[in-house]
Every structure is written in structure tokens, then in C-alpha cells.
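In this document, chain identifiers A, B, C and D correspond to the written order of the chains, with residue numbering beginning at 1 in each.
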Amino acid sequence: MRTGVWLVGARGSVATTSIVGALALRAGLTGPTGCVTELPELRGPALPSFADLVFGGHDVVDTPLPKRAEALAAAGVVPGRLVDALAGELAEVEAALRPAPAGGSAAEQVAAVAHDVSEFRRRHALDGVVVVNVSATEPAPEPHPAHDDLAALRAALAGPSEVLPPSSRYAYAAFTAGCPYVDFTPSTGARLPALAALARERGLPYAGHDGKTGETLVKSVLAPMFALRHLAVRSWSGVNLLGGGDGATLAEPAANAAKVASKQRVLGETLGYVPQGDTRIDHVAELGDFKTAWDLVTFAGFLGTGMRLEFTWHGCDSALAAPLVLDLARLTAAAHAAGRTGPLAELAFFFKDGIDAPTHALAEQWTLLREFVAGLHAGAAR
Amino acid sequence: MRTGVWLVGARGSVATTSIVGALALRAGLTGPTGCVTELPELRGPALPSFADLVFGGHDVVDTPLPKRAEALAAAGVVPGRLVDALAGELAEVEAALRPAPAGGSAAEQVAAVAHDVSEFRRRHALDGVVVVNVSATEPAPEPHPAHDDLAALRAALAGPSEVLPPSSRYAYAAFTAGCPYVDFTPSTGARLPALAALARERGLPYAGHDGKTGETLVKSVLAPMFALRHLAVRSWSGVNLLGGGDGATLAEPAANAAKVASKQRVLGETLGYVPQGDTRIDHVAELGDFKTAWDLVTFAGFLGTGMRLEFTWHGCDSALAAPLVLDLARLTAAAHAAGRTGPLAELAFFFKDGIDAPTHALAEQWTLLREFVAGLHAGAAR
Amino acid sequence: MRTGVWLVGARGSVATTSIVGALALRAGLTGPTGCVTELPELRGPALPSFADLVFGGHDVVDTPLPKRAEALAAAGVVPGRLVDALAGELAEVEAALRPAPAGGSAAEQVAAVAHDVSEFRRRHALDGVVVVNVSATEPAPEPHPAHDDLAALRAALAGPSEVLPPSSRYAYAAFTAGCPYVDFTPSTGARLPALAALARERGLPYAGHDGKTGETLVKSVLAPMFALRHLAVRSWSGVNLLGGGDGATLAEPAANAAKVASKQRVLGETLGYVPQGDTRIDHVAELGDFKTAWDLVTFAGFLGTGMRLEFTWHGCDSALAAPLVLDLARLTAAAHAAGRTGPLAELAFFFKDGIDAPTHALAEQWTLLREFVAGLHAGAAR
Amino acid sequence: MRTGVWLVGARGSVATTSIVGALALRAGLTGPTGCVTELPELRGPALPSFADLVFGGHDVVDTPLPKRAEALAAAGVVPGRLVDALAGELAEVEAALRPAPAGGSAAEQVAAVAHDVSEFRRRHALDGVVVVNVSATEPAPEPHPAHDDLAALRAALAGPSEVLPPSSRYAYAAFTAGCPYVDFTPSTGARLPALAALARERGLPYAGHDGKTGETLVKSVLAPMFALRHLAVRSWSGVNLLGGGDGATLAEPAANAAKVASKQRVLGETLGYVPQGDTRIDHVAELGDFKTAWDLVTFAGFLGTGMRLEFTWHGCDSALAAPLVLDLARLTAAAHAAGRTGPLAELAFFFKDGIDAPTHALAEQWTLLREFVAGLHAGAAR
């Protein structure tokens, strides 16, 4: 099953790390650490192999991919020896990247994106293409009546107004091109009734939102721990210090707000109440692609005795995100092949704010995921 | 179902906090924070209510219980107002405590314990008694052939040698008195083939070992997180600083070794490999009943990128342990009533080193516990 | 030397803790932990004894002082037994408190404050009174031309405009009543040219700003450590989580800004450059009078190797501030008695943002302080 | 002033980083971050320049220096580009290294060392050579009567017994060769009355012990902070996790004990009392040349209120130590040139356990150092 992975934000840190990693896996130069789909519990015939993945994508900048890869090597995100060894393969992927369409009406931009994706599928003779958004986080858009109605949306796209934010235009284009769409960012993406209708109409699955890679991952196991032990969380405060392109974007208050909301959701939904405290994101350029998050949890035990837990997470965001991007591409391609349509709630394991996620507890999300994948493999084996 | 809870180490911090808390719950002076059996998922008809619990126990020291409760109030472990309000009830429990038998052969000591427990059941007209070991941690005993054979053990007990450590003598006595036995400590307790045979012979359930209240609790959710995300844990080092009676005991190298082994088990069994690093326990008297644990985890992500997580846990051990002691007494009494015999592996949720524990991942242990309790309630409802 | 200590914000946490502590010291019920003036290096004849201190003050709220003291005892800030033992003495201080003047022109308010302070001095037959501002932090005022000129200020005060913020009105009143003024808060206080002129005119000393009790105290020793070792600090980020009255006030963006600026000053001035990173203050009511600050410092060593230091400070702000308030009152009274006028730069040891502070390194500030106090004692001994 | 730096343990991490760094500084390829002697307050004519330094040394292993440098580059301790650029210079230093003498009597070994050092001075026409011990930490030796008497020592050295540990044999040899000796390790070195007598006899200065680079450095500013604020430190516990050669050595209980003692000294001497708590050193190979230290300090403020500070230090030991080795070589050479003899107590700034250190507070040590260096420059300028 030759599977295209079309990355929106293809020259960003996450995208580049995903590409380098997939090429390195294909070449046998590295192991699948961090790839959930390579765990014995999930491995199986339904998923395209790493060798089956073909990369392309859009970006608004034009730094060549090999350059970005070298920069990531210098920053300690990917090993320099891999970038050197994969120079030829990276140049090939570079050739498959396209500038993000600019200018024209929204309808024209959408058409241009859909055209690029279809062209990619055709040229590489792919069985399918999954569009994955790993571009910079956007502010939430102004509400618009056309968000709720597909016909109205079609009409509005032709007009002059900015009815859809970029992430949603990409989702729209993916669906019109017959491709599933995954949103790894907290942006709007496919999360609008009109786009859900479009996916249904085309019989396509989609997934999102916001890859769960650091502080929220830890929260998704610690919050259930407090809940299962009947301990009363009184406050949960967090600060995230990050550099890199993502850090710079998130320093913008509007993008920051989108991200923070997606980060706190796990608490209220897991605990059944919202403890005091906020999560903050600060940009510290010097930290580069590494992020430091610090959280303080105060809680009460038996008879009201006050206690506390604090943790510091020092992670490389792109190295955590990239294998999940590959996992999501493989899983979504398999779900598409299996005829699944609509939101893939079973992929909540991967997201801070999974669409229709029935739970925010990581262990329960794992159970859902395992059963979902078992179903895919069972179908593939038939 | 009037249920006796016979505490070995009845004047210790955990025991005293358990008693104060149960009395306060009975009197409606506090809520069930920290009591797992009061979660909506576990609550139900099979469990004795807090008002049904009657306390007694053995200890080697004779500080009156109300004095110990006041000391715990001064240390911030239990609220002083509860101790004041419950003066009468505490004096009643004090009257039910017995000195730990000393002198005589092991057989005589065992008989004396069994007699005290039976007398307690009789005087209070109890439907059953659960013996719970919350006494000081012992060193592991020398291996002895009689550990493996009940007949040989019976013979050896009458002789002069120290064939069983105290915790196992209590287990033996509990079983001969027809009572289930729970070991909240890392001591040997019922964990010997000869004692397992005795429990089987008498048709009694038992559970253990070593209440999971702090660092290991956190490990039991973080280790699965790394495993489920296919991240490679390279080292996991921990230090536990604690004062209190338990801290003083654990400063003894032999007791320390027993505890540390029980703490590291979760890693190897959850991850499938043993990362570098040790866990240490140090006694710092000034910390009193509060414990500070610090853990550093280093791990590798995609392409080998190194990352780290550290956490500091600042907990009040007795306030964490006491509600679990009540939970275990209720659950074990219900299991006994339901005719369960042998090790209660489904209670692994409560232990660092659960007997026959099929998993060390907290969320899976929760699933087992929930199913187990549902079964008890279903039986009770019939 | 009977010395009055007139506290602005007399019913606040810092003020109440200062009063309880001084009364307890006078009664021999506690030791001088935290009182810098009781160190062997500073003790001596020039300073009024604790028994010589007489308390009064203004506040805008009217919760009785004994009530506030009980609340602080319940919160674990002061021992309940002290509050009980000092009930009579606290009631006496309560009788010396006055409502903060409200209504009328600024000139009338200033006159009312000065009258209350003078009346206090007279009634208690005091040798002198030091006015100490420990009231809630204000936003920085709008600049006004009268801030720079005493005559213009006198004229403006009589008019309708809000020319001076409250802290500066108290400073003005203190000076007109012949009293030195200490600002323990980051508010404007005496920090205006017109007020400096007034202090000079009356021959009075003053000191400030912003007591240095937590994160900034730690910074004032760690920043010099990096500087003396020629290590290059790349980023220094901090977050302060605090509840209490002060926490609620500082959650207001304007007050927050004043405080944060005063917190970061030490870095730029000690290192000679400003590293990346911000300091944040968040209000978490549940933390009460305890504050948790977390700081992350990233730095480069030899050949550019990147390293990091993080610290968590968990302090009780009022218990840290109160002894310094007593120190400042004693020192400023002695300086006044010794004829010192103008800003007391030698007291920089106590402040985040000392007026005319020649250094922000704690150890150098200590040297200045020691020499200053030695001078006072030498004068007193003559 | 052409100055030889003879490194004992010349192929170790600290030595190799020192050599790479000095060569890079000489070549203008890096800046002097971490070099205290390059601070404006210390710079001046008395000190040999980096270009004046010539390296040689002994080691018991024979891995070529360029290989060691490459390994350090791979571990992120030194930049790979520097190692590449300095290949020629490193090979030159390699040629000046000698195997540590083995076999023969102690007297013969000492003579061999002295000969190698003298030969090095002669061949490179050096004005002087400073011997710096950066070899692996030794256990403390058994006490021996000859340690107290130079004549007895001379006699004993010729005999069969192991009267001196290696570090002291190197010190003996350095003195007999007319060279000052610096001990950067916690080993015995020159710290014996008989060796002090020898240094006096030859008119030579010496310095030590145990470079202060991490946890103890932080302690040397935090402990004075608590002392100057009259706060009562109740416990101070620390754990040091380190890999690398040094970590492996320190995992040996005897070496560990020497190091730990040297680490705790600062507390007792600065605070005037010894708080509860221990410092531990654990070997975690995976941490490589980076060390993580975690310290918990509990302390009491006014009225006994309990508070706490914890810090995590994540440093690269060799990158912290190497510039100090260069500083010490420059300063000791200058002291020698200025005619100083005996222990250089003024260098306490650099050591955990400075010989005759009058204080353990970093800021006071800095003042001593500054005055000392000013004296050297004043002498040099004349």
C-alpha cells in the first residue's frame, strides 16, 4: 500500500524530523523508538510500512529541506550522521514540496491545494494520500454562519471574505481531493460542522487535534492517578518555556490561548472539576527545539492533609512529535482503506484535545486504540 | 456486617491515622477523600460501611492511642479538632488494644495472638475480623526449609529456633484464628508456601505487599506512559527522604533493602527491561511524617534524542496510607464473606509489590479492581 | 529609646505577623530567627530593643487584629499558641490602630494621617516613630509635573486631582509629622523628587523598596555566583504562584508589572546584561500565605557547553517579611537618632530594588549593612 | 613567562577539556567563558597568557589525547569543530605526555616523576612548571607516622611499604623538582605535615583541594544566604548522579566517602551548626559527562514557620572544571614567581575544601582572591 503523506508546514521542525526519521527507518539506519505503531500490541498487516510512505507537502517558506535538516542536526534534534547519509533521499522529497498557494480567492487557493495533492498522488502512483497539518498554530477564527453549513461555505469561499482560516482551507482541499486529513495542531482544521459534512459526503475519515507530546502527556497519566486514588486536586499550575518556530508563534496571545485551552481540557474532564491554576506558554528563544515545562500540583488527602507534586519535563518537541505524525499517517491511511469515515475518536491517544474523545485518560485511550487497530488488522487479514 | 479490623502495629502512625479517620467518617466529621472504595465506580452493598468497622490490635509499645493521635495532630497529619472531638471513641479503641506477645516459644506467641484476635471477635460480636499488618518493616528472614512445608513449619514453631519473622507469625496466627490477613508492609507476612497452604486449608483470603502511596504510585503511571509511547527509558534514579518511625526503621540497611526492592519492581516489569539507576531511602528526622521523593528519568525519543523528566513528591505518608488500609479491610472482609480464598491478586492496585500481580500499571490494576468489586457487589445483591 | 512603628496596612498579613512576632519576642515566647539585627555581627546598643517597640497603624479594612492573627494561625503562618498567649497585648495594639482617612482632598487626607501619627507618638510618649508601608501594592501612578517639585506638589495636593498615590501620601504625611518612612512594597512611596526634597527639608531618612524575601533573595546570591565564575547566563525564567491578599492584588496587571520590574532588576545589574526570559506572578488562592516560585536558568560554560539550574522556593511570605520589617524599623529609628537624612542606601540588603543601591549582590549588600550598623553602634556607644 | 602545566591524569576528561580549551583560546577559536582570571577584576600583567601555557602530564592509560578529545566531542562536552581544528596542536601535546611510572619502590617512582617533569621544563625552556592533579580520586590512605615528619618520610619512601598514596607521591615529586603543586581532587595530595615541610624547605607554594564546580558551588552561596538572613536550616540533603570516569571512580565507597566529606564541609562551617541530611553520589553511566545534582533544604523562619528550597543542577563537570584548572595554573605560577610559599589559602574560591580556607562563603572567598590577585599584579607592575 504505497501511501502519500502530504505535510502542511512541510519545512517546519516537526515535518522535517518526520521525514528524516521515516527515511532513516526505511534505510535501516535507526530504530522505531517513539513509534507507537511499532509496539508489539499494534504492529500488523493493516498498516503501510515505513518503506511504503512517500512524502510531499506545502509550506510558505522556501528554505530547502536538507538545509532545515542540517539546522535540526546542529540543534541536537536529529543526528547529523543521518542527515549526511540521507542527502539524496532528502533532495528527492524536496522536489515533491510545493509553495503554499497565496493570492486569489479562498476558492482558488483551495483548488490549488487540491490540485497539488492530486498531482502528487498521480505522479507517485499512490494508493492514497493522508494530509497532515503540522504548520504553525493559528489564532481561532471569528465565528461565521457558513461554518455550520456546507452549501453556504461553498458560496462564501468564492467571495472575498476570509471565511476559513488556513488550516480549514487545507482540510477542505484534502476532502475535495478525496484524502483523509489529520490535524496535529490546535488550529481549527476540520473542526467545523460544514467540513464534517463534506467529509461525510466524500466518505473520508479525519483526526485531530493537537499532538500530545509533553506536559499534557504527563497530565494524561497523573490526573487519572489522582482521580483513581480519590485525592482532591486543589491547584494545578504549569509553565511551558519553549524556543523554536513553534515557541515564537505561540508567544502571540491568540495562538497561545488556543494552545492553553487545549492543554487544560484534560484536567476538567478527567477530574470532574477544574482545579485552580493556569497553564502558561512563554517563548525563550535560547531553548531552541527543546522545551521545559514545570507543573505544580497541590492536592488534599485523607482528612484534608495538604500535599504536592511538581514535575519538570525537558523534552525535544519535534523528536516527540515526529514518530506520532508517522503513526497517525499510517493509522489514518489504514482506516481510510478499511472504509472508516468521519472523526476517528479512537485516535484520542495521540491528541491533547481529541475530536469526540470519550476520555482523556491515557490508559483508557490506549485500550481504545488497541481495539481499533486490532479491528483494522483483522479486516486486513481477511 | 460488623467487621473487626485488627491492626498489627496499632499505635503506629498509619494505624492511628486509620483509626482517627474511620471514627471521623463514622461521626460524619470528615469526607472520604483518599478512600478508593468510596469512588462511585466501587461503592456498593458488598462492603461493610465505616460505621460497621471495629478496631483493635497489637503493638510492642504502650503509648496510649489518644496521645499518638495528639502527636499526629501536632505534626499536621490529622486535624487537631478531630482528635479533640473523638476523645471518647479513641479511648474505646485504646481499650481494645493488646500488648504484642513477647517471650515463650514461637508457637506460644502465635497462640497468644490468635487468642487475642478471637477474644476481640467474640467480645464485639463481629461477623469477621481482618488482620492488617501496619507494623514496622522487618529485614527479610533467613531462608528455612520449614518455610516451604506446613507440617514442618508446625513442628519448627514449637522448637527454639526463630523460624518465622514477626509478620509471618501474625499471618500464621490470623489464619489459625480464621481471619484473612493483609500485609501493608514489605515484610514477609503470608508470602511463604507453608502459609499459603495454611490459608488454603482454612479457606481464607490474604493480600499484600507494601502499600503503594508515593513515589511508586507515581512510577506506576509514568512507567506505562513511557512504555505506551515506545520511549526508551535509559535511567531512573530516585531518592526518598523521610522522617517518622517508618523513616527511622528504614534507615536500617536490611529493612531498606526490602523496601527498595519492592519499589524498583514496577520498572522492570512494566518496561520489559531494567533501566540504570537506583532508588534510595534516607532518614531525615526533621521531615517528620512528610516524605519528599525526587526522581530523575532520562529517556530517548525518536532517533535517539535524549530527554528527561524529574518529579518531586511531597506527601504525608500516613494520610496516604490510612484510607487504603480502610479500603483493604473493607474489600478483604467482603472477599472473605464471598468465599474467596488464597491471594487476592486483584488488589494489586493498592500495593507496590502485589502478590501474583498480573501487571504493575496502575490503570490496568484499576480495571482488575473494578471488575473484582463489581463481582462482589453482584454477589451481595443476590 | 521607646520607638513607635506605624504600619500602613496594619491589618495585613505582614503587619500582623510583625506585631505578633514582636510581642512574642518581648514576652520571651519565641526566638529571633529571621531577624537580621539579632545576628552577632549586627547586634548592639544603637538599636531599640524589641521591648522598646510600640505598634500602631492605618488600614482600610477593620477586621480586628486578634481575628487576623487567628486566621494566620489557622493558615500555619504563626503558631496558634502565641496568638492565644498574646491576646491581651494584641487587643492593646488593636486600640492603637486607626482607619485610613478617606474622602476629602489629598491635603486633608495627608493632614489626617500626620495627625494620627503625631497623636500616637504623643500618647505613648515615644522618642520617635518610623512609618512603614506594608499595605497592598499599588499600580504605578501617572507621571505628574508636581512629582518633581515640592512647592508645586503642595499646591496640587490642595486641588482636586489625584496627584499622589496612597503610598506617597503616607510618605508625605510621615515627613510632615517628622517621621522616617520605610517602603516595604514596590509602590511609589517616597520615590519622587518632591518627596526627597521634603525629607531633606525636614532632615529625615527613608528607605525602600520592596522587601526581598523569596525568589529575588535567591537570585541575589545565584546571579553573582554566575558572574564571579564568568559563566554566561543565557536565560532566566521564573514563575511565582501565590495566594493570600498579596497574591490577589498582584493578579491585577498593573500591580503585577510594578512587582515584576522590581524582581528582574537584580539580573541586569548583577550580570551586566539581561538574559532572555521573564518572571511571572500568578494568583493561586489555594496556596494561601505560602508562595511557590520556580526558576529555570540556562547558562553556558567553557567552550559554550550548555547547562541548567532550576530551583523551587516554597516560602511563607509573611514569616519571611515580618522579621525584616522589625529590622528596618529598628535600623531606621537608629539612623534617625544618629542624624542620618535622605535615602538609606545601606539598607539595600533588605530590598529587591533598594533606593540608590550600589549593588544587587547580597554579599556586598551585607558588607555595606555591617559597616553601616557598626557606625551606628560606635556613635551610640560614645 | 612561558609556563608549563603538568597534568596528573592528563588523559582524563578534565585534563583533555583543559588542553583543548587552552589551545582554542590561544588560537582565538573560543572565548574565555568560565575562566575567572579573565574577569575584568582579575585580569592583568602578573598572569601568564593562554599562549604562554605549555602542556604535558602523566597518565596510567594510553588512549591518545586526540581520541579522548573526539570522545568528549561526541559526548557534547567540547565542540567537535574545535577538536578538528586543533588536531595538530593536540598531537604536539600528546608527544609531551608520559606514562605514569609503575613498579619499583616509591622512591624510584617519585624520582621518575620528578625526572619527567624536569625534562619537560628543560626541553620546552619553561620559566616554571605547575603540577596539577586531575587524576582519579583515591581513597584516603591509612595514617602513617612518616606523614608527620619529612625525614621519616624520606626513609619510608625507600622502603617497601605504600607509605604515600599516588597523589602525595606526585606532590612529593613536584616539590623535589622545584614545582608548585595544585590538587584539583579530594585526594590527599600535599595535605600532610611532611609534605608541607618539604614545600617550605623548597620555598614552593601549593593549593587544593577538590575543585568546586557544581552542587558545592551552589551551596557556597546558598548557605551564606540562609546565615545572613538568620534563617535556621533544619536539613540539607543532596544526591549527585553522574556518569563518566569520575562517576565510576566515585561509586567506590572509599572514594565516595572522601568526596562527600569535602562536599558537606561548607555547611557546618558556614552555618555554625550541621543540619540533618546527607549528600550522596551515585553512578549512572548513561549521564556521561553531565551530572545532575538535586538538593533539598528545609529551614525555619520567624516563629518557627517551616519552608523549603530545592534545586536541580545539571552541569557538565569537565566544562566547569577545565577553565578553573587553567585559572589555578596561571595563578599558582604567578604566586610562585612572586615568591609565595606554603598553602595558597587565598585560592579557596576554587575549592570545595580549600587548605586553610578562612571561609566557605563564595563572596568572601572572592574578596580574598581579588585582593590576592591585585597584590600579584601590583608586584608584577613594579
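The criterion applied here is as follows: contacts are C-beta pairs under 8 Å (C-beta built on N, C-alpha and C of every residue); 3 or more make two chains touch, one makes a residue touch a chain.
Predicted model, so just to flag it, every value in this text is computed and none were measured.
Visitor: As a quick test, compute the distance in whole Å between the mean CA positions of chain A and chain C.
Guide: 50
Visitor: What is the distance, in whole Å, between the centres of chain B and chain C, each centre taken as the mean of its C-alpha atoms?
Guide: Chain centres of chain B and chain C, defined by C-alpha means, are spaced 50 Å apart.
Visitor: Which residues of chain D are in contact with two or more other chains?
Guide: Those would be 76, 310, 312.
Visitor: With chains as vertices and touches as edges, which is it: line, ring, star, complete or other?
Guide: Here the contact pattern is a ring, one closed loop where every chain has two partners.
Visitor: For this structure, enumerate the chain pairs that meet the touch criterion.
Guide: Applying the touch criterion to every chain pair yields A-B, A-C, B-D, C-D.
Visitor: What residues of chain D sit close enough to touch chain C in their complex?
Guide: 17, 20-21, 24, 30, 32-36, 38-39, 76-79, 82, 217-218, 220-222, 224-225, 228-232, 300-305, 307-316, 319-320, 322-323, 349, 361-364, 366
Visitor: Contact residues on chain A for chain C in the complex?
Guide: On the chain A side, the touching residues are 234-235, 237, 239, 241, 276-278, 280, 282, 284-287, 292, 294, 296, 298, 310, 312.
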